[in-house]
Structures are given as structure tokens and as C-alpha cells.
Amino acid sequence: MDAIILQILNGLDKGSAYALIALGLTLIFGTLGVVNFAHGALFMIGAFCAVTLSKLLNLSFETIDPTQTDFLGNPLKVKTPYVIEWFGMDTGSAIIDWAVPLAILFSIPIMICVGFIMERGLIKHFYKREHADQILVTFGLAIVLQEVIKYFYGANPIPTPAPDVFKGSFDFGTMLGFDPNVIIYPYWRLVYFFFSAVVIGGVFAFLQFTTFGMVVRAGMADRETVGLLGINIDKRFTIMFGVAAAVAGLAGVMYAPINSPNYHMGMDFLVLSFVVVVVGGMGSLPGAVLAGFLLGILESFASMNEIKSLIPGIDQIIIYVVAIIILLTRPRGLMGRKGVMEE
Amino acid sequence: MGILEVKDVGKRFGGLQALGDVNLSVAENTVHAIIGPNGAGKSTLLNVLVGKLIPDTGSVMFDGQSVLGRKPYEINQMGISRVFQTPEIFIDLSVLENMMIPCFAKRDGSFRMHAIENMHDEKDIVEKAESMLEDMNMADKREMHAGSMSRGDKRRLEIGMCLAQEPRLLLLDEPTAGMARADTNNTIDLLKQIKDERDITIAIIEHDMHVVFSLAERITVLAQGTPLVEDTPENIKGHPKVREAYLGESA
Amino acid sequence: MSKTNMTRRGVLKTGAVAGAGVALPTIFTASSAAAYTNEPTGGSVTLGFNVPQTGPYADEGMDELRAQELAVEHLNGGGDGGMMNTFSSKALKGNGILGKKVEFVTGDTQTKSDAARASAKSMIEKDGAIMINGGSSSGVAIAVQGLCQDAGVIFMAGLTHSNDTTGKDKKANGFRHFFNGYMSGAALAPVLASAYGKDRNAYHLTADYTWGWTQQESIAAATEAMGWNTVNNVLTPLASTDFSSYIAPVLNSGADVLVLNHYGGNMVNSLTNAIQFGLRDKVVNGKNFEIVVPLYSELMAAGAGENVQGVIGSMNWNWQLQDEGSKAFVKSFGEKYGRPPSNSAHTCYVQTMLYADACERAGTFNPCGVAEALEGFEFDGMGNGPTLYRADDHQCFKDVLVMKGKDNPSNEYDTLEILEVTPRAQVEYAPDHPMFAGGDLGSCNAG
Amino acid sequence: MLGLNKKDMTLLIVVTILTLSAPFILNPFPTDSAMAQFNAGYPDLMQRFAIFGIFAIGFNLLFGLTGYLSFGHAAFLGVGSYSVVWMYKLLDYNVIWGLPLAIVTSGIFALLIGFVSMRRSGIYFSILTLAFAQMSFNLAYSVLTPITNGETGLQVYNNDPQVLMGANEASSPHLFGLVMNSSAKVGVGAWEFTFNNGYYFCGVIAILVFYLSIRIFRSPFGMMLRAIKSNQTRMAYTGLNPRPYTLAAFVISGMYAGLAGGLLASMDPLAGAERMQWTASGEVVLMTILGGAGTLMGPVLGAGFIKYFENIFSKINDTVLHNWFAFLPDGLEDFVVFLIHPFIGKGWHLTLGILFMLVVTFLPGGLVEGGQRIAAMIKRTKEDEDTPAKTEPAE
């Protein structure tokens, strides 16, 4: 029982990351009809926004301390971050400590700009092209983006810790009457879960309750008609691309403390996020969220020892098995519309 | 006993009764038109006939065999060909290739693996396709990209492709919809010619009364999913019920 | 020049193909006169450095490449000579190898067996490389080692830690300086026992592929011999990025030690995840919960950041060692590149030196001669104390370092501290030890 | 001749001549010149050109003709390789046993995967094939290690049965004694050309399967596949069942992939699990689109293009650059090297990514379209006529 609760928690947390990435992907697909293989790269850039802010806050000046030596035997250069110099030890280190949450604010304008530039500069020329061409060009873009990041930050993962207050884990077990340490969950992962719930809720509310969102939803359903009404749908779609990029970026910022960001983390999530989107149904926002959580939970269950001992290697393939079963029983994924991407 | 017998066919979409107790008999070697206002169930009926939809109740017999539950390609192989409202042709292929495909389908059935032969070495197929193009007055366009033709030519090609299969029943779904008057007249002439020259039954769904009365020998009027009346064109013209249900609005 | 594995019949057939297929040019030089693959004929000799330049291990590959370039510089008499001054063998004179200037070509393994073999082949076939050096995973090392055996060149393995490299998959043309899973276990177990006590329950998370299995087997055997109990061993998929679902059940299993048999990105993520769960703050069975990472590297430690603090693991070498050889190497590397070398850089540097030295001593580049010179070679002054290249399996035997994550690192390179230098005698094993059984060195191939 | 029309015959002859003379064409620079870095005429890379050419030709039979985009073809490549290496282990190093088996096993594998995946179309089909291939890769890397030797890759050990192994038989892959990795080198002046048995073996097979693919393109079957890509509705209402056609195309292209995988193991007797990974499937997709999907030559060009980058650009390092630009004054030399540095050696991915974007943006029909445009330009200037270039559907 405790193990199951634990894995449900795990699954919800994994699922929230999957759902966030898939949400942006399916948003772009649904509005623009573009298969964006560079979406994982947007997630990665988001994580590197957190890395960059953390590096900026740690920008230091050097003073030479003659009492200590470095590895070559020269006097050690001691680095002091400007932030600490300016704001004093306490405030300064607190600001550095909170780099990741601060990066949320820092990343939103950056990601929206990245999204705008991508859409206006490249993607818009591919609306009328075949999906295969879209895949190739966005895949090329993904490679370019990750190589640029690699050029500046190297291939090694860069530790980007969460603020100190979120260190350690919360003991759910004692709340539910289990022994201590039976059901524990890290604070930061709980934060991630609630954060993604808020972002997902925000996106849905935005589409549901604003005029802008209504037009976009209508455009997703029937682009020509909305165009005929004299509404400049293209401009709105550009904005939607920015929003999708921001959602992917936020997912990345908050993910940075969970796993140290590296330049290929986007590719690691690419296949998975496509599976999530397709299982949910291409172009369906609720489908993407549902499929994200479903696959997250099933993946967590598959990694339980009890299940692994029954079916060896099941955790290696569970995502794909589920994808195959769902696509064969529900032809257009969980909540897909007919006629999307079937030509 | 007609070549096509529709008995008590009903089809529901959620709360909407699209078809209710449709009975229809199409006699062999006639031109039978099905008319009716928008939403009368014409398209649903057509989709049932070609196997795209399965009705909730009733039976559809073609030449004594049931078509229900069969896939569209199987029904086609039984001898029913369909012409679509918007011409459905292979736009990426040449006109001759378009015409060769139904010839292959007629000769080889629904699947045959002939991956090594050169298609131009299939003399009987090429000859048949070319003579069919002659019949359609399209011989000069044989090397053309089918997608680059005018709409009227596409329609002509599609009808030719259906005829190349030597079907016993040709279903036409508003064949002149969206056409200019000249093209419409050409199509009427073509269909008349087909009717005169070939051993074929034609069922036509049409909105344009000019087309219907130029071609049809029998007319069924469909309204709200049920046949209102079936008769000859002359009688239909004067039928009060039809005037009320249909002609009145459209006139 | 290169004709790999040419049988007599092969020559005839090839001649026939060439004769039939193309009009032969008037100037025909059949170069089958060479005594072995890529025999250097001019004034220079070409070494092939095959390291990951793309993919997750690219930074490690970069560091290996730096060390190899440094070694070439030293061999050609440039720089301060580095370890050439401390090396117990004095055969190298700083005038290249056997009087020939050393040149090198590089290839990208991408950390994939196929790509690594392709780049090694291109260096052998196209650039005339006489040996291949480098690499940063066992799968790649074994694949390239097999290739070099077939092609008739020497393979000096870089970072490869699987027992199989010099066990089940050992080859006569392949040599490994790096330590292995068994040695990690043998070095770690006593230290772990004294640090954490003999009554411990270990929970293993193991990367689900060959290297992970051999390391897990080695560590479990060594710690069990000290009295530890292995509670569970869970295999984790290679592609995992999030290990939370494997780590969550650990606390409730009765285990009080978590052993992470992961490497590279897997290790960084699994350790980071384990620290997030606060495992090291917990008390289980009345003892502090501990985490062990059997194979450490500097880059992994840097990637995991403060999460490595207090975590014990093992290494082949570390720049903080204070022997003369290490100091000389760190100095010349640090002055050239402004950073201390990693342990895989050290291995690649030493391997290049050892190869050059063996050529000098053998008086030839012939792989069979070089192999003979390396087999049973005892040396010192290369940073690991007295070292033996064992003839039976081409494995180096030397001291192993037990490391611990530093609590207060002073800079980004100062993440680990040396806990103990385990003497060579303690990590030695018989060539027919069951974990290494099943292989066959075969005989050397000169092409 | 050979059942081909004049135009196809010319193409086949040109391809044959190019293939047979590749050792010359690919080595245009003298061995000791600075440009020798760009020579591709060494056995391993030439073999890869031929093998990945076969892989891409096969993939194009599915994707180029039917439009079904498979993301799982690498699985068949892997199955082919494993089959061949197993035959080495059980029988002997003669590739005659393994290659037919590779084609058969990959065909069966393709039939199973295709039968399930072909129930869906569009991206749903792509994801199904991707799922099957990733499952194969993950299992081959871990649980199936007894069959695949996991991370290390399947290889021959001295204690393998090898029941047919003769006393004097070569201990590396061969065809009845024709050892694959033996070569003859011919020096002509400053040039040196390598003639490798393995390359000619792959080359001849590549020509054969290229010929076969022309025949399939021109056959009624090929026309049916193009018809499916063009209009599935008309297909069904013409009494044709699309599924057996697409399934047959899937199986044929799977067999091509299996043959390519088998040849990889015939040139180099090791089968690594990585060749089944999705990135490997993605690579063949890129090759085909880059070269020009649906054309005869496109996939071959795309395969050559990508393999050339992978093997040649990745090996250019700073030292090489400094050698090239040594003639420049010191400061300028460093500056030029600094500018080029990010794009070569470890940056070859970046260059490839940029090229993908450029090609697909400006040449929607791939490299073949580029060639056609250049040809049309030449023609136009020659004839001095302003007729728009007509794009051929299948050329």
C-alpha cells in the first residue's frame, strides 16, 4: 500500500513534467499545424536560463589571498560575487540561493522572444510545407540550439540547486498514519508539481476565458473561417508560439534543480514528449495533460521491484507498450480529433 | 427486382435520426436520381451504399448480395463505382496512370504483387486505359499531371476512371456541384452518352434540377431521412408533396 | 601501406578485382612489402586519438584530448617534459619515438560502438595511425579493442572500468592502464567497513548494461566479504533521466547504504535525486544513511555539485596526489590549460607515454614487438606508484584511490579529497578469477 | 535493356560507373597535400556510403512512394547485423550464410511490426514504429544481452562453435575466401588509391538493389504505392485494398534495411545495439529527405552527404586548421582558426544542423532539386529560353 502511494506521488511528479512539455508541443501543433522537433530544445533553453541567472548572480571579482595556494602552488585568487559585495553577506547569499525561482521571471521574456524569433524567422515559412520538411528543419534547429549551448556551457551537467529551504523531503507517511520515513517526498518536487498545476491551469484559463484565447481556439478548429472574419489570426498564432515556448521554458527552469541541466536534455525528452502528445491525441490540450500524468504514473509503477521481477525489463519499455496499446484501441489517442495528421 | 434493393434502412447519429426506414429499389439499366433538400439524408444514404457507414437497421442488397459490413474496396469490386462531389483523383500521377489504376483493379482484384514488371509492358492495361481516354476525349492529355487540370477535366477523368472498371452501378454524388454552366452541360452530355452507349445503371444524387430532369428516368425524393415519393420525372414535377417539401423552397 | 588481414588468397583475388575493374595505371606500386600495418616510412609516426567529442561525454573527451596533445608535445621534446622526467624508464629522449616526429589525428567516438569503430578505422585506413588511444566507456573500448586486434594495431584503452575489457573481452593488441570494477570493490570495501561499520545493509541501483552489472557484482562481492548484507539490486534503464521512482522505495527497504552503480549523466542524476530525497539526513537501523558511488570522476563530481559532499567512491588517479610524477604532470597540464587534469586525462597521457616508451625499448613500431615490451613491464614515476602491466591479461596493477566528496570545496576543481591510497597488493587478483574468466588473449596481430 | 527505358538505363549506367570508380573519384587530392583531409576514398567510408545508400534506398521505397514515415527502420538494421554475427558464431565467417538470413529475419520482423503499425496512418503510424524500435533497442541493450551481448555488442569469441570453420579459413568475414577487409593500394604519382574487396562487394550489391528499386519504381506495384500516397480514398473506391500494398512496401524496405545491417556486420564483425536507437532511424529519415524523398538518386546522395560529414568533418581539429592557414600572418591565422573552430571537429553537429536548415528551407526537394535547378539554369542559359523548369514526379 505504502509503495503504491509512493509511486503515485512519483508518477504525478514525473507526469507534471511530461504534461508541461507536451502541452506546449500540442499547443504549437494545434494552432500552427507545425510538428516542432525543436520543442525539447526550448525546454533545455529554459533550464539554461536558470543556469545563466545563477552564473550571473555569481559573477565575481577576484582578490588574491597570499595565505592560500591553488593547485599549481600560486597564490589563490579568492572570488567574491558582486551581489554579496553590494547587498552584504546575508541578503547577497539569499539572492544567490534563490536563483532558480528568480529565473522564472528572468526566463519568461527571454523564452517569449526566442519563440517569436523562431516563429517569425523560420517556422512561418513552413506552415504550408509537408510535415516531413517541418520535422527536418526543426530537428536541424534543435541541433543548432543545443550545439550553441554546448559551445558556451560545455557538455557536462551544471549543478543548479534549489533554494535551501526546499532541501530535504516531506514525510507524508506520518500524516497518513504510516511509520516515519515510509512515504517521503522531496519538497522541491512538490513545488514542481504545484507549479506545473498552476501553469497548466493558467494556460487553460487563458484559452477559455479571454477573447484572445477564444479566437485562438476557433482558429485551431478552423483556420480559414476565422481568417475570413477579418481577424489577424497569424499575429495571434505568433503570440501562441511565444506562449508555448514560455511554457516549455518554465518547465525547464523549474526542472534544473531536479536534474543538473546539460545541453542534450532536450533530446532526452523529445521522443518521450512526442509519445505523450500522440497518446493524448495530436492537438488536444487536455489529452496532453492526461497522457502526461498517465504515462508518468505507469512509468513509476513499472519501476517497482515487485513488477520488475514479474516482467524483467518492463520499465525499459512501458512507455512504448502503453503507446502501442492506446493507439491500437483508440485510433486518435485518448482525446484526439479526427483527421488531424492523418494524410 | 432491382439491381440495388434498400430495405428498411435506419441510421442514427446520437439524437439525430439521419435515415429512417428507407426503402429504395433501383432497376437495372436505368438512371435513378435521389433528390431532397439539405439534411434530407442523401449523403448518409450514399455512404451506406458504398460501405463507409454501417446502418443501424435494415439491409442493402446489390445484385442479390448484401453489401453491409463490407469494406469500400470490396463493395467496389462487386461492381459499384462512386464519383465524388469534389473529384477524387490521383493528383500526383499522370492522367494515363490515373486511368491505368482502375484497369489494374478490374483485372487483378484488390491486391496483386507485381513489383518487377514494368507497368508500360502491361499492353492490355495500357491499351484499355488509352482507349478509355479516347472515349473521354482526353487522349491529348495523357502525359499531363492530373493535379494541374481544370476542374471539368478532373471530373471527366474521374468518371472515366469509374467506367474503366466496367461497374454495373455508377453512383454520382452531385457531379456538377460548383461547376460553371458550360461545364455542367458538358457533364450532362457525357452522362447521357454513357447511358446510351453502355450497359450500366446510374444512381445520381443531385441538387441541380436541370441535371436531374435532363437525365433521370426515376426519381426518389428524400425528406427528413425518409423517401417521400418515388416516380417518373413528369409525375414528380407536378407532385404536390414534393412541391411543398422541396421544390417550393428551392425555387 | 595498409592492407589489413591480407591472406595470400585475398591478395590474388584483390589483384583480380583491381585488374578486371579498372585499367591499371602505368606507375604501380604494390605496397605489400610493409612488415606490419601502417609501418611508418617517413620521418614521422602517426598516433590516433579516439575520444568522444560529441554527446554527453564530450567534456571528458576534451580533457583526454588535451592530455594526449600534451603527451605528444613532450614526446617531441616540447614543454617541460612532464612525466618523462619522473618515469622510471629512461628510454624516451624527447626526440619523438625512435627518432620519428610524433604526429596525431583525432576521431569522434560519439560514445557509440559503431561510430567509435568507424572513426578508428578511418584513422587506421586513411591516416595511417599506428596505434589508437582513448575512449570513455567500456562498450566503446571493447569494440575498438576488437577492431585494433583485427587491424593489427595497438589499442591503448582510455577510461574503461568494466571487468570485461581485460577479462572476457581481452585482446592481445589491447592494453588497459585504467583500473576496473573488481579493483574498485577491493579498494572500497575495507574503507567502507571502517567508515560505516561492518553491519550494514546495502541497496544497489545498477545501470542495466554490461559495465553496471560487472561493477555491481564486484562491489557486492567485496562488501559482502566484509560482512555487509546486500538487500536488493535494482537495474535501472540506461535512458533514465529521473531516478526518483527507483530511489523512493530505498528508505523503506531496511537498507542503510545506497550504492549507485552509475556513470556519467546517470550518476549525476541518480545522486542528485537521492540527495533531494534527503537520504543522507536520515537515520535507519540506528545508523546514518550513507551513499556510495563506486566509480568517481572529476566531471561527474562537478556535475553533481554539492551533492557529492561526504560521498565515498574510488578513482584511478587524482591531481592532488603529491608524488613527483603527479606533481610534474599537474604542473605541465595546469600551465598549458589552466586547470588540473582529470583522471581519464591522466590515463590517456600515461598510455601514450607507455606506448612510446615500449616502442623505444622494443626498437620497433611492430605491434607484436611493442606488445612484448609492454607485457610484464614494471615501472614507476607515473603517478600511481610502482605499477605492473601484467602479461596474462594486459591489465595494469597499481594503487587505487578511495575518494570522498569534499565538504567545503574551495573551487570547481576541488570537489573530492583523497581518503586513502589503497596499496596495489590489496587490489590484485589471479588472472583466472571468475569475474574475469572466459576470455582469451589470443596472439598478437601485426596486420 | 534490362526492362528499363533509356533514361533509367542511363542513370543505372552512370551509377554503376560512379560506384566502381569511387576509389578514384573520392580521392581527388594527393595524399600528402593539405586537402587530403577531404579525401573519402578509404575502405571504411566507401563501404558506409554503399551500405547506407542501400538503407536509404530501401527507406525511400516506403517513405518516398507511400508517404508512410517510419521512425523505426533502425530496428531492422540491427536485426540484420545480429543475424549475420550469429551465423559467424555458429557456422563460420563466410557471409553467404548470414546475409540471406539477415534479409529473411528482418523481413519477418518487418512483417510483424508492419502488420500492427499499418493499422494507423500519419503521425500515429510514425509513433507506433518508433515505439517498436525503441523497445527493441532498450531490450537489446539490457534484458536481451544473452542474444545481443548488450552494451559491448555481439562479436565472435574464440570459444564459439563455428562448426563450418575450416583449418585455413580466414578469421574475418569473407565470401568463399574473398576476404572483405583486404585491399590493394595503387600509387599514381602523388595519389594513392585503395581497392578494397569489401567495398566492391557492397558496391555490387548496392548496384543490384538500386536496379531493383528502379524496377519497383516503374512497376505497377510502385504506381499503386504512389497512388496510395496521392489519394487513399480514391484507392479504396477503385476496389483496391491499400493495406497489403503498404505492408508489402514496409516489408521490402525492412528487408533492404536488414541487408544493409547484414552488410555492416559483413564489413566489420560486430553488431552494436546503438544501431537500433531512434537516432539511427532518424538518420535515415534525414538522409532521404535531405537527398530528395521519392526520387531515385536522392536517398543515395543524402546518405553520402551525412556520412561524409560524420567521418570527415569530425576529424578536422585545430592543429589541422593551423596547418591549412599557416601561410597567413600569425594574428590573422589565429583569428581565422578561431572563426572556423566552432564548426569543425567537435562542432560537426552544428555544421550539419545548419545545413539541414538551409537545404530544407531553400531546396524543398532536397539535393536532387538543387541539382535539377543547376541543370535547368545551365539549360536556360544555353537555349536562351525562358521556359519554367518542370519538376518530374519520380526522378
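The first chain written gets the first letter, and so on, giving A, B, C and D; residue counts start at 1 in each chain.
As a convention for this text, a residue touches a chain if its C-beta (ideal position, glycine included) is under 8 Å from a C-beta of that chain, and two chains touch if they have at least 3 such contacts.
Protein names from UniProt, one per chain: A = Amino acid/amide ABC transporter membrane protein 1, HAAT family; B = Amino acid/amide ABC transporter ATP-binding protein 1, HAAT family; D = Amino acid/amide ABC transporter membrane protein 2, HAAT family.
This structure is a prediction, so every number in the text was calculated from the model and none was measured.
Among the inter-chain contacts, the highest number of C-beta pairs connects C-D. The distance from the centre of chain B to the centre of chain C, each centre being the mean of the chain's C-alpha atoms, comes to 73 Å. Annotation: 52 Å between the Cα-based centres of chain A and chain B.
For the pair chain B and chain D, the distance between mean C-alpha positions equals 46 Å. In terms of their C-alpha centroids, the spacing between chain C and chain D amounts to 32 Å. Multi-chain contact residues, meaning those touching two or more other chains, occur in chain D at positions 138, 142-143, 349. Chain B has no residue in contact with two or more other chains. Residue positions of chain A touching 2 or more other chains: 313, 316. By the definition of touch given earlier, these chain pairs are in contact: A-C, A-D, B-D, C-D. Those residues of chain D that touch chain C in the shared complex are 20-21, 24, 39, 42-45, 48, 138, 141-143, 145, 149-153, 155, 157-159, 170-172, 174, 177-179, 181-189, 192, 194-195, 197, 200, 264, 268-270, 272, 274-275, 310-311, 314-315, 317, 319, 345-346, 348-349. The part of chain C that touches chain D in the complex is made up of residues 1-7, 9-11, 13-15, 17-18, 21-22, 24-25, 27-31, 53-54, 58, 61-62, 69, 104-108, 112-115, 117-119, 121-123, 125-127, 138-139, 142-143, 146-147, 150-151, 164, 168-169, 208-211, 235, 237-239, 438, 440, 442. If you check the complex, the residues on chain A that touch chain C are 2-3, 6-7, 9-11, 13-14, 17, 68, 70-72, 76, 150, 154-159, 161, 167-169, 181-182, 184-186, 188-189, 257-260, 262, 264-265, 268-269, 299-300, 303-305, 308, 313, 315-316. On chain B, the positions that touch chain D within their shared complex are 50, 71-74, 76-77, 81-82, 84, 88-94, 97, 100-102, 104-106, 109-111, 113-122, 125, 145, 161, 165. For chain A in complex with chain D, the residues that touch the partner chain are 35, 122, 125, 129, 131-133, 135-137, 139-144, 147-148, 151, 271, 274-275, 278, 282, 312-313, 316-317, 319-321, 323-324, 327-328, 331-333, 341-343.
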